[in-house]
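Two complexes follow with chain A in common, the first pairing it with chain B and the second with chain C.
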Partner chain A sequence: MLEVQGLTKSYGPLLAADDVSFRLKPGEIFGFIGSNGAGKTTTIRMLATLLEPDAGTATLNGMDLRRDTMAIRKAIGYMPDFFGLYDDVKVWEYLDFFATIYRVPQRDRKAVIGNVLELVNLTGKSLAMAGSLSRGMQQRLALARCLIHDPTLLLLDEPASGLDPRARAELKDLILELGQMGKIVIVSSHILPELAAFCNSVGIIERGRMIACGAVEDIVAGISQNRVLELRFLGDAPAASMWLHNRENVLDTQLTGERTVRLDFQGGDEEQATLVAEIIQEGYPLVSLRESAVDLEDVFLKVTTGAVN
Partner chain B sequence: MRAVTDWMSEQWRTYVGNAGSVRDLRSNMRGWNTPVILFCYLGFMVLAAGVFYLGISSSAGGKVSISRIQADLTGFAYMVLGMTELLVGLIAPALVCSSIVGEYQRRSIDLVFSSPVGTKYFLIGKLLSSYRYVVLLIFMILPVLSVGVVLGGITMRWVAETLFMASMHGLLYTAVALPIACTSAKIVPAAAYSLIACIAIALQPLILMVPSLAAGASSFLASMTPFMALPSQGTTTLLFGTAMPNWLLGSLAILLLVRVFTVGAGSALSQAGSADTMSLRIHSLFLVALVTVLVSLSLGASIPFAPSGGSAGGASGHAIFFFIVCCYLYVSLPFVSVWSYASDRKSYPNGLFLARLALRGTPASGLPFLISLVLTATLGTFAMRWFGDLSTLFLDAPYVFASWAFVLLGWSFGWMGSLLGGNQGVSGSRRLFMAFTVVFFTVPWVVLGWISSVLRDSSVATLWNPLTFIGSEPQVAMAKGAGMLLAATVIGLFAEIGRKSQAQSMESRYVGV
Partner chain C sequence: MNTWQALVADNPLLKLVMASSVRIFTRTGLRTTKTAIWFVGVLVLCVTLLAGYFAEYLFWQIFLIPLLLMVILIPLAVLHGSIAGEREKRSIEVLLVAPLTSAQILFAKVSKGVLPVAVTIALFIPVALAIEIGHIWKPMLSPVRSVLPSWQTFLLAMAVVASSAMFSAGLTMFVSARAKTTGAALIGSLFALLAWLVGLPILDVSISGFGARPDSQLELYHTNPFWVVGSLISGQGASPSEPIRDSIALSLALVVFSILLLVVSRGKVREFWGKRDA
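On to the complex of A and B.
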C-alpha cells in the first residue's frame, strides 16, 4: 500500500508540488497526468527519494519516505523519462551492476537477470552492448533494470515517449502484466488514450496541485454528468445552433462544422428525446444525433486550465 | 554484535565489492584504447632506458665502472619515477572527471541514487576504479626499475617505499578531482581545474615545510609531494619521543586529505536538507578538527616552534598552517557561498545567514557553515598551544584575524558573483567568484609589480596584495585584515540588498499568477 500525504516541494518562490496526496493499493496502475511543468516529475522524484520534500511524506507498506530512505529505495523501481544507460557495457553487465547495488544475492543474480530479460523480451540481446540497442530495446532494458530487485512500487516517468506504436503496445502489455503481478505502478504520460487503456486510477495535477484523483470511471462519471451530443443537419447548422443555445437543459453549443453542432446537454434520456422532437418540430433537418463518449482527454481538458508554474 | 557485523559487511561492500568500481574499470579496460596506451607507456619507458644506457656507454667509451653505473641508475630511477608521477598527475584526475561528469551527462546518476546506495558508495567506487588504473600504471615501471635493483644503486626497499608513495600521490590526485567533478557539467573544464588543483596540492607542502626546513628538520610533509618524496626517503619525524617514518605519517595525512575531499564531493552530490548532507557536514567539521590538530601537533613536534620572527616574516609555523587551511577553505567557497535561480534548485537562495540551517546545504547555510569550519580550524590549530605559553598565542592573533577576513572576503565575492552572474546558473556565479578573486588579489599585484620595476621602488609592489600579510609584521597583518573585512562587509551588504530585490521581483513574477 502506498500512501502519499501532503507532499510539498517548492523551488524558491515556485511551488512545484503543493500538498499532493493519494493512496494506491497493490496491483493498482495509477496514471499521473498533467501539463509540462505541472509537478508530475517533481512528485515522482520525491517518491524516488531523489528530492527531499519540504513537507508531507509517503509511506510504502509502512516504510516512511524520509525515515526509511534506504528501505524505500530497495522497494521501488524508478524509470525516469531518459534511459541513462551506460553505452559501454553489455546488457547483462548493466543488469549485473544494478543487481549488485540492489543487493541481489550473487548466487541468484544470473537467474534473476535471465528472468527479467525474458520478461522484457531481450533474452537474445544479453551479450549486446547497451549502446547498440534500438530505442525501444533500450527502453525495455531500462524497465528490466527497474525490475531486477522485484520492487513493490514502480515509478515510470513518461515511459512511452519517443517509442514507435509497436513498442508502445508492448509496453502497455508489460505494464498490465506488472499490475497483475501485484505491483503498484505509477505512470506519468502525455498520451492520455493509452493511459486510459491500462490505468485503474488517475491523478490530474496542475500547478503542483492534485485537482482530480480516483478511479478512471469515477472521474469520467463525475465530469460527464452533462452529455455531449453531436448533431448533424442537412443544412443551416448555424441557425440551429443559435436556436439550440436558448433551449432548456442545453448548457453550451459549439459549431464544429458547416453542418454539425456539438452541445453540452444536461438531462436524462427523456429530456434528450424531448429535445429531438422539438428540433424536428422546429423544422431543422436533423440527419443524425450521436452521444460522444467522454474520455480521459476530455476530462483532462475540462478540469485543467492550462496554467503552468 | 549484529551492528558490528553489519558495519563490517557494509565496509566490505563499499571498499572491496564496490560494483561501481568494477563497472568503471571494466569500461576503462574495454576495447583497444587501454592496451595501446599501456603498450605505448611501457615502450616509452623502455626507450628512455635504452637512451639512458646508450648515453652511459658512449660517454665512457664503453668502459664504465660499476659504481658509476650504480650512481647513474639511481638518477635514472629518479627520472622514471618523476615521469610516472607526472603521468599519474595527468591521468588520475582526468579519469575521475570523465567518469563522474559522464554520469551527469547521461543522467545515470539519478538511477544510482534511486537505488539503495549512498554518496559514499558511489564516490568510493569512482575513487577506487581510477586508483586501480593508477596503480597499474605505477607498477608497470617495475621491470624498468628492476635493472637498478639487480645492478645496484637502488634497493628493493627503496623501490617498494617509492612506488607505495607514488600510488598514495595518485590516490590524492584522484580524490582532489572528486569534488571538482561533482560540481562540473563538462569533462574538459573539470579535468583542467582538477589538474590545477593537483599542482596546487603538490606545491602546498613545500610552503608549509619552509619553517621546518629553515630549522634544519625533516618533515613528513615532504613525502606528501612528488617534488620532495625521493629526498625524504628514510627520514623520520619525532612524535612524542618516537621516531616515526615520514612515509607512514605522509600516507596517513594523505588518507585524511582523501577523506576531506571525499566528504566535500559527497556534500556536492547530496540533496539540500537531506540526512546525507547533515552527516557529511558534521564529518567535514570533524575532519577539519582532526587534520588541524594532527598537523598542528606534528608542526610542534618536528620543528623548534618560533612564535614570532619565523622564516616567513612575523607568522609562526602554526599561523602559516592556519592560513593554508584557510586557502583550502577558500577553494570550497565557490560551492558553499554561491546561489542562483537559474540552476540546480538546491541553489535557490533562502536567506543570508540562518544558523539553524548550517548543516542543511542551502545558500542560507553557507555563511554559518563556513564560520563553523574556520572556527573549528582555528581551535584545531591553536588549541593545543593553550597548554603552552599563552603569550605566543596572542602574537599570532593578527595573522589569524587576517586569515579569517580573507575567507569572509571570498564569501562576499561568492555572494556578489551570484547576484551578477546567477542568471547563468551557479556555474556563472562561480565564474564571477573566480574573476573577482583574480582581479582583487592578482591583477593589482602584477600591475604594482610592474610599476615598482619601472620606478625602481620595491615598496610599491607590496602596497596592495592583502595576502602578503603572512610574511608581514603583525601591525601590517592587522591592517590588511581590517581592510579585507571592511571590503567583505561592503560587498556582502551590497550583494544582499541586490539579492533581496531580485527575490521580490521573482515573488511578483511567480506568486499569484
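On to the complex of A and C.
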C-alpha cells in the first residue's frame, strides 16, 4: 500500500508540488496526468527519494519516505523519461551491475537476469551492447533494470515518449502484466488514451495541485453529468452557436467547424428533446446531433485550465 | 554500520568499480605487457648505465618528475567524468535511487583512480633500483662520488607523490561533483590543478616582488610538490631540516585537504540537472 500525504516541494518561489495526496493498493496502475511543468516529475522524484519534500510524506507498506530512505530505495523501481543507460556494456552486464548494487544474491543473479529479460522480451539480446539497441528495446532494458530487485512500487516517468506504436502496445501489455503481478505502478504520460487503456486510477495535477484523483470510471462519470453534444447545421453555424449559448441548460458552446458546434449540455433526455425542437422552431437547419462519449482527454481538458507554473 | 563497513565492506559499487578496473588492466593492459616490459627494461638499462654520471639530479629528473606528473594527471584523466559523466548521460538518477549512500558512490568513484596510480608507482620501482645499481659500479670508473638520496629522503618523496595523487583525485572529484558535463569537469579540473601548481608560485613571486610579505611567512611555492621534492632530493634549504619539514607539512596538508574536498563533494553528488519538467 502506498500512501502519499501532503507532499510539497518548491524551488524558490515556484511551488512545484502543493499538498499532493493519494493512496494506491497493490496491483493498482495509477496514471499521473498533467501538462509540462505541472509537477508530475517532481512528485515522482520525491517518491523516488531523489528530491526531499519540503513538507508531507509518503509511506510504502509502512516504510516512511523520510525515515526509511534505504528501505524505500530497495522497494522501488524508477525509470526516468530518459533511460540513462551505459552504452558501452552488454545487456546482461548492465543488469548484472544493478543486480549487484541491489544486492541480489550471487547464486540467484543469473536466474533473475534471465527472468527479467524474458519478461521484457529481450532474451535474445543479452549479449548485445546496450547502446546498439533500438529506443524501444532500450526502454525495455530500462524497465528490466527497474525489475531486477523485484520492487513493490514502480515509478515510470513518461515511459512511452518517443516510442513507435508497436513498442507502445508492448509497453501497455507489460505494464498490465506488472499490475497483475501485484506491483503498484505509477505512470506519468501525456498520451491520455493510452493511459486510459491500462490505468485503474488516475490523478490529474495542475500547477502542483492534485485537482482530480480516483478510479478512471468515477472521474469520467463525475464529468459525464454534463453531456457533450455535437451539432451539424446545413448553414450558419456561428449564428446557431450564438443563439445556443444563451439557452437554458447549455453551459458552453464551441464552434468546431464552419457547420459544426459542440456544446456542453446539462440535463436529461427530456431537456435535450426540447432543445432540438427549439432549434428547429428557430429555423436553424439542423442536419444531425451526436452525443459524444466522455473520455480521459475530455476529463483532463475539462478540469484543467492549461495554466503552468 | 561503521565507516569501513559502509564505504568498503558493504559497498557493492566499490566492488564493481574495482573489478572493472582490474578487468581493464587484464584485458587491455596485459595485451601490451610485452611492450611495457621492453620499455621498462630499456629504461632500466639506460638509467643503470647513466646513473653515476648525473649524480643526485638523475633521481630527481628521470624518476620523480615524470612520476609526480603522472600521478597528478592520472586521477584527472580517470576521474573527471566520474560524476559529471553520469550526470551528462543522465544515468546519475538511476544510480541515486539505488540503495547506496552518497559517500559510498563517491568512495567507489574515487577508487577507480587508485589502481592506475598504484600501478604507475609500482612500475617506477625498477627504475629506482636501477639508479641504486648504477651508483654501485659508477665509483669504479670515476673518482667523483655522486650523492644518492637516502631511504628516508626516498620515503618522504614518495609521501609527497602519494599525497599529491590523492589531492589531485580529491580536486578532480570536487570539480566533477559540481560540473554538468564531462568537458566542463575536465577544463575545471585542469584549471584547478594549474592554479595549484603554477598559480600559487606565481602569486608568491608577485607578492614577494611587491615586498608585501615578511620573510617569516609561509612561501606559497612550498605548496608545489615539484619544488618540495626537488629541494628534498637536492638537500637545499635555509636549514638542513627545511626540506624534510616542508615535505612532511605538504603531505599532511594535501591529505587533509583531499579529505575535506571529498567530504564537501559528497553533498554535491545528489545534485542533478537537465530535466525540463522539474
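Definition applied: the second predicted complex is superposed on the first by the 308 of 309 C-alpha atoms of A that agree within 3 Å, B and C clash if a C-alpha of one lies under 4 Å from a C-alpha of the other, contacts with A are read in each partner's own complex, and residues count from 1 in each chain.
In the analysis below, a residue touches a chain if its C-beta (ideal position, glycine included) is under 8 Å from a C-beta of that chain, and two chains touch if they have at least 3 such contacts.
What you are looking at is a predicted structure, and each value in this text was computed from that prediction instead of being measured.
In the model built by aligning both structures on chain A, chain B clashes with chain C. By the touch criterion stated above, A:F82 is placed in contact with chain B and with chain C alike. In the superposed pair of complexes, A:F97 makes contact with chain B and with chain C alike.
Within the superposed three-chain model, A:P13 lies in touch with chain B and out of touch with chain C [touch as defined at top].
Look at A:P105: by the touch rule set out above, it reaches neither chain B nor chain C. Looking at the shared chain after the overlay, A:T41 reaches chain C, while chain B stays out of its contact range.
When both complexes are aligned on chain A, the segment of chain B among 203-211, 401-409 or 419-427 whose C-alpha atoms clash with chain C is 203-211.
Applying the stated touch rule to the two superposed structures, the overlap between the chain B and chain C interfaces on chain A comprises residues 11, 48-50, 70, 73-74, 76, 78, 80, 82, 84-87, 97-98, 100-103, 145.
Against chain B, in their complex, chain A makes its touches with residues 11-14, 48-52, 69-71, 73-74, 76, 78, 80, 82, 84-89, 93, 97-98, 100-103, 145, 307, 309. Contact residues on chain B toward chain A in their complex (touch as defined above): 17, 19-20, 22-23, 26-27, 30, 106-118, 121, 271-275, 341, 345, 348-350, 503, 506-507, 509-511, 513.
Listed in rising order, the residues of chain A touching chain C in the complex are 11, 16, 36-37, 40-42, 45, 48-50, 70, 73-74, 76, 78, 80-87, 97-98, 100-103, 145. Residue ranges of chain C in contact with chain A, taken from their complex: 12-13, 15-16, 89-101, 270, 272, 275-278.
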